[in-house]
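Here it is, the structure, as structure tokens.
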Amino acid sequence: MNELFSLAVITGILTSAIRLATPYLFAAVGEAFAQSSGVVNLGVDGIMLVGAFVAFYVTLQTGNLWLAVLAAALVGLLMGLLMSLISVTLKAEQGISGIGLYMFGLGLSSLLFKLLVGTVQTIDGFKVIKIPLLGDIPMIGEIFFQHSLPVYAAFLLVPVAWWFLEKTTWGLKIKAVGQNPAAADSLGVSVDKVRYFSVCLGSVLAGLAGASLSTALVNLFQENLTAGLGFIAVALVYFGGWKPAGILVGALLFSTVNAFQLWMQVLGVNISSDVAVMLPYLLTIAALVFATNRVRQPAALNKPFERGEN
Amino acid sequence: MTTPANLQKRIQRVEMCDIVKRFPGVLANNKVCIEVNAGEVLALLGENGAGKSTLMRQLYGLYRPDGGQILIDGQPQVFHSPADAIAAGIGMIHQHFMLVPTLTVAQNVALGLKSSREPQLDLERVSKRIQELAQAYGLKVDPEAYVWQLSVGEQQRVEIIKALYRGASIIILDEPTAVLTPQEVNDLFVTLKRMTQEGHGLVFISHKLHEVMAISDRIAVLRDGQMIGSRPAKGVTRDDLVKMMVGREVKPLAPQPLQTGPVCLGISGLRAMGDRGTEALRGVDLEIHASEIVGVAGVSGNGQRELAQCLAGLRKNTAGTIQLNGQDITQASLLERMAAGQSYIPEERMRDGAIREFSVQENLFLRDHAAPQYTNGIFLNFARMAARTREVIQQYSIKAPGGDTPIKNLSGGNIQKLIMARELSRQPKALIAAQPTRGVDIGATEYIHQRLLEQRANGTAILLISEDLDEIRTLSDRIAVMYEGQIIGIVARGEATVEQIGLMMAGIPLQETRAKASA
Amino acid sequence: GQAATPAPAAKVVRVAVVMPSSTTDMAFSQSMYSALVAVQKEMGGEAAMEIKYSENMFKVPDAAAAIRDYASQGFDIVVAHGSQYGASVEEIAKDFPGTTFAWGTDVNTFGLPNVYAYTAAAQEGGYVNGVLAAKLTTSKQIGVTGPVEVGDAKTYIDGFVQGVASVDPSITVNKTWTGSFSDVALMTEAAKTHIAAGADVLTGSSQSVVGSIGAAKENGKVLWFGTQSEQTTLAPELVVASQVYDWTAMIKEIIASRAAGTLGGKTYTLQLSNDGLKIVFNAGYNLPADVKAAADAAIEGIKGGKITVNP
Amino acid sequence: MPPESHPRSQKSWLDDWKDLAFRAALPFLAMLAALLIGAIVLAFLKVNPLTAYAAIVTGVFGSMSGFTQSLVKATPLLLVGLGICIAFRASMINIGAEGQIILGALGATAWSLAFRNWPGWILLPTTLIASFIAGAAWGFVPGFLKARFRVNEILSTVMMNAIALQLMNLLIRGPLIDQAGVTAGTYLAQSEKLPESVWLTRLIPQTLLHTGAILAVILAVVVYIFLWRTTIGFRIRAVGLNPDASRYAGVNVPAYQALSLTLAGGFAGLAGAVEVMGVHHRLLEGITSGYGFSGIVAALFGGLHPLGLIPASWLFGSLLVGADKMQRAVQVPSALIDTLLGLVVLFVVGSAYISQRWAARRAIAVSKAGKEAEA
């Protein structure tokens, strides 16, 4: 048990946590955009799967990782357009269209994998880049500055997303549309356009989340590669109170506990593996219970907008 | 954010010709024609559901007309969305404010506008410009404040600034005074006057005829979607307007004095916190007798809302007691208070008073659905409920196709009648009525007033909270004026002038005013 | 058992298989599907043997429907390739006494004359892999990753641990279970954790271990031992050996006995001794001769009964 | 109100009928549209789409086994859907049915094995109750967290699913493991068989159709009565539509939100119970079969109405069975099925708005016609 608190192990846990948090960050920050504009997209997991496959496949065929990332973003965009069409233009119940999108993505990614690839293969994904100087700092360097590009990108995304939501005209529109679409509409802001944009932006990030899995974290594709990760990402948006910084905290908490339980198992701490695997979920719930300031969700979340209603 | 309002081309004249607008089952506008000129105020009158808001929403691009034309300075226009109308120089202050409460005033104003530092917001610049406009038109606001922190009057000023900021030269105000106190109405009128002087043309919608006569240059009246007529405001009397609107005469009420009974509702030392974390009630003492209407006047935000909520059991008080017929109900739950004979007509009827998607019948039994005479065990007795609903619809002349109609298809006045019916049919010992006629047309207002007086005659103690000083003065046996969470004074009917009450609302006790007058 | 090649029959043998994961999972389902295809090829292609499959049947009622459906379509042999299908097979087999059912992995034929049960003594290959692993580790730390400790995942690991202990009891074998059959990312991270903790040899079972292999590959120096299917292609430099389930002999025998009139009632166990289990060494990996010899000795020992491995 | 406000009086029965026919047909049209896309994919896979789709129809209606199978699948969908429906009426989104099914299945298994010697007439009903309570407990937790701490239920139910799964892994390999598997050295992750006295009677020999289907239909009617005819149901619906007005009407809003999730959990728990008691006769891995998610979809197909759910869950069950059948008939990868189902869900939810718009436009047209006739 003491071993668990040695410096090496702590370094190990935190390094793992940073890595594990990557897809959650992409997906959850993306979902935060969609939700800030009032659209719950439960199809994140499906989009991630298609993104993961496409990135994997393009890498397999061309070896060009940048092309792979671009392709993943593109299919994310396409699926975002589909989601927007159904839940913004056609004003469908968002929870259900999201689940439809999830099923579609799960099926499509597996189908394409079956048809185009067949068996599991590994690819050469993004390599670890040690940041000069910073990467050499003992402990800190290993934890923060020896990762692959998508990992850095995910963490960079947090301040960028914050800036976008809080400091730009577009961010203002997104938040207004999520809080009071009628007000935004009455000022000539196109609610549908803003929602399309936010959902699509979120979906592009979901596609990238998938790509980060298949080209940086596991370097392969397999049916249902995400294993429900996208749903956790949606939950993290609630955890983070629709704020990128809150999401960062949530994602890190979740992944740190996950890394911690893996180390506990590896070090042979006497605890049932099932209980260990439960830990991150239990802790996320507990953290929410004890979080003092609970943020209100965007007032128009999950409410399709139609002019003239109320 | 760079174009100042006065740089934009001024509209001289807006015409709406033969406008037709249909909704499922409703012909909301039937060949309606109006015109507004720069520098004048056109008042639009009509009962609830006459089609006023619908007409204006078409001018603002929110609806597309099914027929007819909109002309600006003689040029035909097609507005696909508010963006088009805004670009053409039209602004609108909506009946229900269109503000984002979680954003600041400056953010609300900047919303949808190009920034000078695109894509970054430039809120300092917006704030500066807001301040300039505020100065020019006499609209006091703090650009950095969050909208949720603002009083209703301040929110309205933000709405006006939003329109001015966008260079609107024709501005529509849909029932702007419904939620304002007399003082705020005065301030608003000063601003409106200044706007017409600056060359703005205004469309003003209101149910309060004296306001209409005070501010407007021309008056147009709509009834059942049709234009009844339009005439200059000069020389028009209240009775003329009422007849045009309602098609019959509606006389102001003159309640007879009544012998009041023993104290029914006793409030003493009541303190409570408000939503913004400050103390909203700071020791309220008030006694209301049976067969008495006590009106509570005050500038909104001085604790009236919190007082009503405390009495209803929706807000916890921090100190003090509430008694109902000698029984302490301070800690009682809402249901217990109801059982003890208390009724409550909430201020926000669509938010707190009724459920849009529920039917007339379901709304009628929202509070009493579990009463023994309408249930068998846990099962609802629909036959009894339906019978009772028919009775009530008849008795209170609620205009509804039937008891199973969802109330979202009813007009505001009829919804208010329904809530009245629900609360009064319980034969309450004490009734708290908050803003019972806000936004309700003249006919329905008269009706509601009659009912309140009837209830008073039946021995109910009524606490009437209203921002309509005329209503308070007409109905109340005594008037309690609230200022900063306390009752600053209580005057009997006829004991004080409007001016004196107005001063009390501003925090100057009656004695001081009188002392000054006699000095 | 000895598999006799079935006499070329005029009639096409119709075989259907229902399996819980995909035919390309590099593990359990693929091992059966490849075996069927191999037998088909040997028998002369589609003209001699028809194969139909239902994959990803992790929902048992769907699998039951599929099994019943194939039986009612007149398939001669229906393979229910998942231990969770047992109850379904027991029920359906009674309704189709003329159809042969094979199900595994289990040992129970329910006393029915038309049911074969089959299982793999995964602990045997586990033992051999364990011996190899113990000889090759220099850090004396070995990591095991898997989804859930059940079925042949458990028996394989149990055998593996015994194999390691037989060489050097001081070597530690650490196990992590991720709780999910599909969470590859967590599996990868589990493997990385083992590596960070000092392990230089890894093994594990089920379809999600491809994640662990990926982690080994990324590290570049950590060795891998596979089970169920041959996993060499996933990391040609690092996979030392794989225990491969080879069901071909069993299938051939079932077809032959059916032709001879025996519809079932027997239990098969894949073992090293009956060539159902094979240790496939990666030709691309430069295995020291003494280590290979130790492994061969273990194989012979198990085959000959000199070494007993407890499941 | 203008005189036009009673459109019904001007509508002929024919208009009504056309209206109804169109609105009822639209989901099917949407489904056909989705299948059309599927046909293109099938053609791409060199499979004749007609053969494939014929297999769906014959798969369900062509044989007793297919038909009963669709009912077997509809049963848990209906039960889960009922819970979703109750929660949704209180405006609670229950993503946690997967976990609640697991708990129900665990409850039924543990209870019936623990008291296996009890006579069937008492063991069977108590087993059902135990499963209801176990599922309800799993729904209560997020309900309580919502009521007491305002923890968003989407978040907590997702987390509770993961926890339930691990809990089952723990129990099914520990206290509940089938000892026969341990003895044989197979260590299968499944429980012992439940005592026969709690097996739900099979309604048709050689099929899996069991009395759970009847129970589910009865419960649908019960839930309908509960939601629309009782005071508690009234309050649940009121809370869902307008919490502020409900609070004002004296309803303890958080308590009813918690109650709705608790009941939702209970019904999902029953779904778990009928699966172990009616279909598998034991607890095994993958017991939920994804019904926790597809139940949400079925609930939506049924208009989130308990009675609408009866045909909707059957329809969805048939679709699942037919799709499986198609997979077997034309040997396409099973992933195609998920893809198609996803498309069907997307198209059908999307079509609801079109039908709404259409109805509104017809109402205007009808009232206009009436007006002109009057003039």
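General observations
Letters A, B, C and D mark the chains as written, and numbering starts fresh at 1 in each.
Here is the rule we use: a contact is a pair of C-beta atoms (placed from the backbone, for glycine too) under 8 Å apart; a residue touches a chain by one contact, two chains touch by 3 or more.
Because the structure is a prediction, the values reported are computed rather than measured.
Distance from chain D peaks, on a Cα-centroid basis, for B. For the pair chain A and chain C, the distance between C-alpha centroids works out to 35 Å.
Chain centres here are Cα averages; for chain A and chain B they lie 45 Å apart.
A straight line joining the Cα centres of chain A and chain D is 28 Å long. Residues of chain C in contact with at least two other chains: 56, 149, 179-180. The set of chain B residues touching two or more other chains is empty.
With touch defined as above, residues shared between interfaces to two or more other chains in chain D number as follows: 166, 169, 173, 333, 335. By the definition of touch given earlier, these chain pairs are in contact: A-B, A-C, A-D, B-D, C-D. Contacts from chain A toward chain C in the complex involve residues 9, 12, 15-16, 19-20, 23, 110, 114, 118-122, 213, 217-220, 222-229, 258-259, 262-263, 265-268, 273-274, 277.
Those residues of chain A that touch chain B in the complex are listed here as 167-173, 175-176, 179-180, 182-190, 296, 299, 307-308, 310. Taken in their complex, chain D has these residues touching chain A: 41, 45, 93, 95, 145, 149-152, 154-156, 158-160, 162-163, 166-167, 169-170, 173, 293, 296-297, 300, 333, 335-346, 349-354.
Of all the residues in chain B, the ones that touch chain D in their complex are 22-28, 49, 224-225, 312, 314, 333-335, 338, 344, 346, 348, 351-358, 362, 366-367, 369-370, 375, 378-380, 382, 399, 401, 411.
Residues 57, 60, 62-63, 81-87, 92, 94, 96-103, 107-108, 110-115, 118-121, 162, 166 of chain B touch chain A in their complex.
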